[in-house]
């Protein structure tokens, strides 16, 4: 056997084993941005089986670009401990903390994998699995299949709880609204993100982090978008706290 | 001042200060893939001022996708110590080591930033600065300007040494060949990557890691591409060792 | 330091200082067409702090192309004094005035900058900042980020009053209608531009130049579009008068 | 375990086993058009291990559309026995045979799989594996990765002999010419397809079916294109005979 | 006459005769995926005149890619006899059967043509023909005309019964809903596919296989999509049984 | 003066004179397909001033391609005299007449110009001019401005009566519905074209040829689309008769 | 049979008969612009069998748009008789003649069809048929197949003489240069159009109208482009005379 | 006549008169960036007839965006007087001058029009007019025609001298090199821009401002690109001086 064949075999076998091992998990997360990664870490740390699926080739979502491509993020005091837990360096500035957005993304990913979460990229969640009135997992496909416009059927992953962490696009909630039934919101529908009000949004994003349909939790920007709260602007404290809260809420039920 | 204004101010001031502080560095690196990140770490660790520029929103280059989107990489024994230095978990398998490609990317980025390198995203190196026969820095632009097809002039960064780490595209070497002069290759031109021969390629990538034009070093896949060596396949040992070697060679001259 | 580094430093520092100085203004204007530029001039002339944001690389909006790319504009007698104040040459013709559309654009821009307004290009207003029931500023991003389809968070600018001057696209009003609340129109919604009736439209555009939501004024073609008046055709008198009126109305409240 | 999980597991395990079993084959074929499929059948029938890779989602290549989307093909007397062996119905017409192009494609695929060849779709051959002067296999990637413009490394398949059957595009030969060395043609390069001369082309396509570089055979339209013979037009006899001949030539050496 | 002219003549005459012979059929089928092909076979086997139109160059629809491009399909015990009738090899696995998705497609097409159905590719059904309250045929065009964005009028095919087998896109039913009248569904409209529940979906797809408007039957995934049942996932038993059932129902009326 | 300058001058002066002469006409027609051209001929023949505007570079609309790119049209007996009047050759076939679609287009254009109508290409009708409750002309722009996505203001043409002859797209009626007011249809809105029923459609297209809003007539396929009648298929008799009728109706009022 | 079926049958049968009748002609012309149409007319008038193929849906080529979309053409005195023969109205102006470009196109097409030439649209000439050293016909495909990027084989048409009349693109000559052999030009290759010199170009276009390869004549702008003469500008006299000359030269040999 | 008709008439007549008046000028300039505008001003100021053609809707070229979208430009001491002559405000900074890039563009345009130059937008120079060995003018087309991909012939403008001021694209020189003959450069060809060296480039751009082919001068970035000098970076002094020099050189010959 040539060296290349040995390498190829190793890659396919390891990756396939990891994917097959994740067909049946405690928690499945859609979206690899900050809140999804934080939820993954805190859940996996408690020995829960966690699989996270990101549509893009790279994880990290909207945090890479800081604000307007200025690669810095700002975090409030309350969320500073989370930065510390992930080893993200920060600098105090008038009661808030600034950090390098690129470093922050890298360490959120590293923290989640070190805790034992399984992260998958290039995979989109195109639908959910449903039994009577509970969501039981995700319907997955390669995101490249979608980009290429090919007609190829999806596969599935089964989970005790699912988390919507796709941010503004609300990819899972939109499917649920269209194909499953009423969401746990005032109107039973996606309320839609409101204009920017950083202070109010930061507070509400934690409040709105909850079960939005039996079996499906919502976290991060998706939480405010589905419950009709304002958008947050380039401040990430609420996002981090929301990721932690969704983990705690689900841990309490597992 | 509203909260949002405070946040905006913090982000612009911190990021601009970091960028202005990088206008004049010891080493400028084009390309945020594995070899560029490794070079950045080993140079910065020795207190050299390092700035790395990546065209995409996310760093990590071709390592995110493992092989054919199976998110695993393989590394040979010789490069295992580098994995360890970055804290990347690996698994022994018939004398080689496999690792999760997503974790690997994240920890390469984290390692480089922790060592003190400055990493910038969304910026492309569109040309070099030249004085007589030495390259003295990069000519930069937002990569979004290029995508949008706008006609906007670039700015510059000055460096004692530059590193071409853009992989297959050879973005810097192509400019040098077209606009500056003869490269330090057998024909004076880019020789072009050869077909795959993993074993030979892995050995040659380290040999080919050298100064390709006064002031410009080449590392990683770019090294084999410019010197006409075979491509490597989804094994990353040579890539990692090449990143370390380019750092050592430049350190010896600084 | 090389010459290029000096130049780069000068450009970044000057531009950043100008932008930071504009984070907190009296009036923020969305859209760099004729009415926005005229409003900018008359406000800045009275020593108000004004920042104008244009999505395109060039300012001037729909005036560059005259009518059907015939580069001439027509202005009625009532608006002739505004042409004069900006130094735009014109020619009498049956009681109206014709001018070179390219000259007109250039002098509107020159007039606004000479009056002290700060003009920014390549920046789009993607949302507004809100506090209870008042709009307090714009949420900004590079328009190239949008064109490139990147997921990058915006930054913000704070203003005592905001002006919607984006013309037909009504970029700000559409956001307000969707994410904030009822507009000050008969139906509470955008009424939509009606078919062409130059005479009526010219009269109405000045009438419709008013506050459309607390903190947000509307001017130029946007005024007729939001209040359901006819479109104007390639005559610019009403546009110019509307730009002047919005400035006067806001000056009265500052 | 939910039903869907059982199905997902079955699909991944079966497919992965089939792919891993094909990492090391007697013959690897690039291109799933008529000549590749016929070669696959005659090789597999003799108990050779054969893997065929097609870039598109569907196999069959240029035969689906007959001529100008009139879904009929024409085959000469000499190739009639091959139609029979695959069970393709045909109709005599002035010494030639016409068949339904859609039926023909389906039965070529069915024949190859029934003989035991492994057919893979959505996979492109982007390079070859080389050892000194022999081609030892293909470098593969998902074709959707290429369409999506992602930077993802390939994997490999090892083969005693490789067949270029990609037709006009000559995807493998172009790589060999650029990255490996001289082809076994008069000029050492791809000679390029000549204009149409059906009679001559039909004769030459069988003659040109041979080893074009150590380890690499060429068949079908690719044979004429690489050796500078005329193109054939919508007649498929030579194509079928060429597919059979390449199988026989390789069988003689295995 | 040159050889090429003879070939050209043969192709045009044979294909045109086949098309003209199909202008007036017992059953016209829109969509060349599994359920359409199976319906075609069982109808043609009973000597009914059948014409099937597929928009793509290749027939087979969503079955080529198995699940997530893993080229395997799964079929339940009840549908195993259909696999057998088409000669598709399968493997038992925990009470279900797996098959190679590429082989399966090829043999479904081969089976339909062997039974005497006429299959046409590159043709889209853009509308229906209507007389009072019955659908009497399809309005056809080259799908390349649509892709090229040309304004070219369609032609028509007349049929006693029509079958909608276009799957998720519901191309025929959408036209009927918009341009003809109420469908035979609870709301009179397309109910829309629900989220995945393989077991329930498999049962319902057979139930939902029925006449949805006078003269128009629905089969396969289209049946569940129009009647608001769940989607099936990468299991094809129900699809196959639905194709058989629609044939039987129509045969009962012919 | 060089020859080229003389030619350039001639072209601009002649064309501009023709356009200026058409700013003020009896009848303005939107759309250069068969019914528009026929209306133009019969109106111009009676010495009415007629200007017709076509968005494409070429006139002729959907008639060029016959049916499915088979370049033949069919016309019923009643419309045969119109073919004759334009000098279009035809062939009797079972009580209908076939003609070459390319010849037919050319002669419709030639007939309209010979009668004195002014035809303009590359110009789109993007809006109407309105006074109280009557449409008084078209708002025009170069269609290339629209394709290029430029923001350039339109110009106008004034007419006693306007004709909508844009076929399926209903470009004028859609603007009127959105921006002007109620149409003269059962619902006051565009009813939308129904599925194909050639016989009924042919009869109705003449009936539906009438004033749809004060000052605006509708003819050809647009007539059936706006009044909710079936589409016609590749038969052109009704189209031709509709073009003649709209001319007669308007002549009666001029 | 429904009416629609009768119409469909008529269209397919008439068109197919016309196409089959043209498989074997005296002269085949590539390109439906002015010189191709004129050649078609003068050849067909002498009872030669002529088939002309145009890639676009509409014939007329570059004449529709006059100069810079000003729809007027200019013709010199020498070519005035040709305008007359086609019945194109013109106006004297300083020794030259102006005509409406739209009328001119229509009447050139009408003239060619009236003379008996068969004109086909939506068909591109993608190659030639060759026997030893003579071109014997064209290799044709639907141009929509090319636009749609489908892989579909072409068909052919046989001709005693072929004419390249595709203008600037030189579609046939480029194929001949690449795939057949040396052209009858000074360098044996396409010389390339030179910059504009109307007077010289007008004279040369007639001189350059000749056989460029055995069996292939060149006419119109293509003649100057292949022989390296200047381009003509928006004057059409030489074009018309060239079309007439190519007809006369071929007539002399038939 | 309606108001709109009066406006339309005024716009067309004024613009057409201006264009016709420019068919025959002293100097024609291709490109509306800084050096073209400056040349236009200094030529027109001396009562020369000047026409400038810009491909885009807006003039100003690469100056709008400053450097990397930071809207500031830098100018050296030697060019400061030019800023003053145009009334562009500037600020001293370490021996150089910074200015607002948006203001600078506007005032360059205003200065050129005030001097009497005629500026045209949306027009591209696609070729030159040639007589023996002298360039005598430009071949023009709407740039929207090019963007729309339409085949429409150009018109022309005659000039005693022409200026290439299109910057990096060298639109005129590329045509001359390909279609006319040898340029006045060391190799007779375009030498190509070299990498950045601001100091050297600034000096050379003035030296390279000269006649590059009889009748054609080159200025601005185009001068360095054609003569193989380095690029300049975001400093505009040389650009401004080059524009002034080309005017002076041509004035000396008029």
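Letters are used for the chains, namely A, B, C, D, E, F, G and H, taken in the order the chains are written, and counting of residues starts over at 1 for each.
By definition in this document, a residue touches a chain if its C-beta (ideal position, glycine included) is under 8 Å from a C-beta of that chain, and two chains touch if they have at least 3 such contacts.
Since we're looking at a predicted model, the values are computed, not measured.
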Neighbouring chains shared between subunit A and subunit C, ordered by label: B
Path length in the contact graph (subunit C to subunit G, fewest steps): 2
Chain whose Cα centroid lies at the greatest distance from that of subunit F: B
Approximate Å spacing (C-alpha centroids) for the pair subunit A, subunit G: 61
Length of the line joining the C-alpha centres of subunit B and subunit D, rounded to whole Å: 39
Whole-Å separation of chain centres (CA-atom averages), subunit D against subunit H: 55
Residues of subunit H whose C-beta touches two or more other chains: 2, 4, 7-8, 11-12, 16, 57, 64-70, 122, 129, 131, 142, 144-145, 150-152, 155-156, 196, 233-234
Chain pairs that touch, as defined at the top of this document: A-B, A-C, A-D, A-E, B-C, B-D, B-H, C-F, C-H, D-E, D-G, E-F, E-G, F-G, F-H, G-H
Residue ranges of subunit C in contact with subunit H within the complex: 2-4, 6-8, 10-12, 14-16, 18, 56-60, 64-74, 87, 89, 91, 93-94, 96, 98, 100, 102-103, 105-107, 109-110, 113-114, 119-122, 142, 144, 196, 198-199, 233-235
Subunit H residues touching subunit B - in the complex, by the definition given at the top: 61-62, 64-70, 167, 192-197, 230-231, 233-234
Complex contact set, residues of subunit H against subunit F: 1-2, 4-5, 7-9, 11-13, 16, 19-20, 23-24, 57, 122, 129, 131, 136-137, 142-145, 147-148, 150-152, 155-158
Contact set on subunit A toward subunit E in their complex: 127-131, 139-142, 145, 150-156, 175-176, 178-180
